[in-house]
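Chains: A, B, C and D, in written order; residue numbering restarts at 1 for each.
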């Protein structure tokens, strides 16, 4: 069986595994107050080009999203996001469980625009009964988005500017950030993101780590007492050094970028094959997620030896499915997948 | 100035005022454990044709909605409603503040259908990642809806059946229930509603009372420990007899129905005039809310002597506004309004 | 039956009733944006000697406490109070339901001291694992306390100073504030309280109104967006003018103070009798609550014609009970109670 | 430096590390739906002697406590625990953040009794205003407790019986469960605990794992939809097999028990030395936590080469500190510590 259904099917990159093995019996302070976390923080600050950033390590994405959003908002405030936003769709109401409404903006490509944000906020403020409506205060975006699309530098500049103008926080979910930064056509850097967002996170779980997300906070208003809120939501890992060791490794010798580039290249190879066989993409993309529209008959055959995830029905005979590559994807497996696709398409 | 902007501009019906004055210096138990509340409960049970119903009195609608929904749901469960649902749009995230997501179903007339509910729930259950998604458990409808439309008996029977089949709670927000029950074309009775819903409430604030909503619970699972939850959310009125006295009066000699019928008749009169001048309704209706589409120029003139509330822009030159009648609306004021509309339309 | 079990057994003072009757059919804006609320706000600001105070009207005490505390705190912060504090003991976890822990300080007289607050906060800050502990941020006191005791001006000055020094909010629950201000030996004024607290409320429910508490906010950080939070917790009364009319009346011609003084005088009369028959007080006091220690045998007889509330068992043969007077207490009823006590004590 | 300040200073047991290394590049399903988790569940069920138990894996203790308690309670219900309970003292209000009050019972040894629970619940139910008070519904105990003490089989039987009689849930926090089960004098088995508690968890973080707690649910009412609630609180690990692999290893060849026994033996050695030098224990105990009362002067010297954690001041000259052993503690380090203690005591 070839697994292309997600980007968290394996353990971790060999360098991380080596580091965990090597340090296993060392004794360190708990709760991310150890020297590995300190080193990882320094490397992330350097990658972001700002030595004043607060950096915290959490275990998973939903935990990170709910912690950041809960830390940022007063009770009557909500988080705006695309209708496909992970916090809206796939986190079992984790944000609502902290008391905050998720306010959706329509989107077909997973992205939202500065103009949409501005219109929504101005409409709220102009409403005669605004106190009866949740106050939009934070903009949640993911990059890459849930559909594998990317914000351009200009788009992020615009979002950042409108957030600053309107007194909103801009929060970028980077669960797959590496795959975005290394994608063909991407013009954003880690430093751009750190400069333009109030807070964002660098995903480790899907990019080489066993688990772990590094939250980077530029806005001091969001940084205050953040560790209390991590703890309150059960996100304070006792052996925090496990997170430090992993991010320290990922940010040594550009490992994070190199393994991300590999995944994107593997996905590009698959996209080339899909183009060759005339299978359209549901959404164009250049990252590690490939949303392909294929005939049910072909997919039925393919499913016998390849796993993929279901996205949506497109017509009576075709549906969109998702193939994920990752840091761990082997080139020969992609080649096998491509060959199978060509064979099945030729039938 | 003529007020048609809402249905809570005055105090209360004279009979209620008389009762409050008459009983003012009586000493009673607090927290709705007095004899007036007991009497009101009995009358409401009788009006509902079921002497086993639990009846509780709360002060306002948002408080009632959040209390009922919080009492009904486990943490991971959400409330489904129309995209125009009051709990979704105009309660400052009160439901989310109790930790629960509001799950919207598309609607243009303020109503949702049994089929929509069934499809949403079955789609949830069929989703491969359902545990990552809020579980739909309660159906919130309002009758009349926020757009003044009404459920037919058949529609409510269908909703009730699908809820029972799928293990959902059906909750009807009756903030304007009287205006619905007495509207032309309505075929639902109070007893039907009490039979078909797991829980509903009878609105007092907008129908003759100073304030107050009577929650009627048929499903014993929702009734258990309900008073604790009222208290926890700050909804337990110390001088609860004020609620008892008001509902006792409203349910004596059919006062609740009579004053509702008056408001509907006043709105019908306005609808006749709008038809006469060729002004379409945004949504057809027969209750006390009239959503009229009128030219901006006419509305500008009208606003000098009449208050109404803004609903939405319909075209570059026309917008929809809402006129509300109520138990307190004077016929001569409606006539003045109608005359003005005709004059302005004739210009 | 003579009711001395609480101070909310009747409706409202005749002047308030008259005002409600007189204004009943007036049409006003909703949600406390009417002219009566505006007038009441002005009078309260004047009574507090500060024309910059924010004043909001809510319906009841638990609602007020949870709304103020939720508005004030970030997620990881808690409210300190005496172990007998109403928010800790008698509000069904309303504060916890907003996500915040109540942090108790030991107290036998219902009061806490500046020194206790300072020690608790400094201990928190000195704790090596402080991020694992709820951060104390708000001090909740009630005046009069749940035991009828009063803070002196010096004590409140000290609490205020320590709160300011440590960056805490000071919140005074004045559910029975009038009875405190008019009590023998009290040296605090309304203006003192408004000056020394960040936020407090003036109780109406127990002091002449049908219902209603006036929240007075001095600290602008607490005032921001307060109406959103009222609405979110279901505390925004549609016919808000009912609150405005009541507080406007209470703060006209010193009505609030006069009726409070009456209640205290009635309680003093009862305290004199208790002294006369040698019945000790559980806690010394001068407000409208009288906590008397009496023999079970006497209480059993008394209960046949008088209601009182149970406080605590003191010995095998004696227990403490509470008698409440109020603005509505009739002198002849107190005299009857006193005569009965003397008779029963003489047996 | 010798670390005795906690039991989570190292990584994981070598067998677990080996298993993680060996399986690292395998591809598995996510979210604990893999075969390693399935195998671990089976072994835990077997260890508990009940093949119907639901078993779930979470990352850390606070996360586990908040998830279990939130899953168990309705909004108005609270969790009872000893005043020293971890959920009350050291979880930054995690339980309150889910909306529930923690109700403390006085305790000096970290334990609570069936009699205390019964009295508290009966007092609640007998209170005339019980709806104004949080309803006790769940009993939280830890075993070993935060003070290293243990429940006897009889005590747990009694607690279980009273919980069943009163309709309460009994929840045992087993963060250090292994150290309890293998301690001298303990008469409880894993199967006893599984039989007597509605839900408990087996701690991995402090007993050989990198991280991880295995929740074991006997009561079906608590098991329903539990995975939704894990996800909602951010506790659903993407690479869930990491938890499965660890617990599978811990429950193979009695590893969990063997490494626990080692830690207890190391602590016993320390306790022997303390007895020898006449240093009393703050609380008697036989598990891996040693609470010793020692002179400040001695501790000052000792702190130069040994880490320990501060517990409390006992007198002007003495204080209690905690030494922790663990699965990873080396015998030679304990011997060094003991030698130092003797030397310093002899000065």
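Basically, a contact is a pair of C-beta atoms (placed from the backbone, for glycine too) under 8 Å apart; a residue touches a chain by one contact, two chains touch by 3 or more.
All of these numbers come straight from a predicted model, not from anything done at the bench.
Peer 1: Any chance you could check whether B-D or A-D wins on number of contacting C-beta pairs?
Peer 2: Pair with more contacting C-beta pairs, B-D versus A-D: A-D.
Peer 1: Taking mean CA positions as centres, which chain lies farthest from chain A?
Peer 2: Ranked by distance of C-alpha centres from chain A, the top chain is C.
Peer 1: Suppose each chain is reduced to the average of its Cα coordinates; what separation in Å results between chain C and chain D?
Peer 2: Those two chain centres are 42 Å apart.
Peer 1: Give, as an integer number of Å, the spacing between the C-alpha centres of chain C and chain A.
Peer 2: That pair's centroid distance is 50 Å.
Peer 1: How far is the middle of chain B from the middle of chain D, if each middle is the mean of its Cα atoms, in Å?
Peer 2: Their C-alpha centroids are separated by 50 Å.
Peer 1: Centre to centre, by mean C-alpha position, how many angstrom separate chain A and chain D?
Peer 2: A distance of 34 Å separates the two centres.
Peer 1: Which chain B residues touch at least two other chains?
Peer 2: In chain B, 75-76, 91-93, 97-99, 131-132, 228-229, 231-232, 236 touch at least two other chains.
Peer 1: What residues of chain D sit close enough to touch chain C in their complex?
Peer 2: By the definition above, chain D touches chain C via 75-76, 78, 89-93, 96-102, 128-129, 131-134, 309-310.
Peer 1: Quick one: in the complex, what on chain B touches chain D?
Peer 2: Listed in rising order, the residues of chain B that touch chain D are 31, 70-71, 74-76, 98-99, 131-132, 135, 225, 227-229, 231-232, 236.
Peer 1: Quick check: in the complex, which residue numbers of chain B touch chain C?
Peer 2: 3, 6, 8-12, 14, 17, 20-21, 23-30, 59-67, 91-94, 97-98, 205-206, 210-211, 228-229, 231-239, 242, 328
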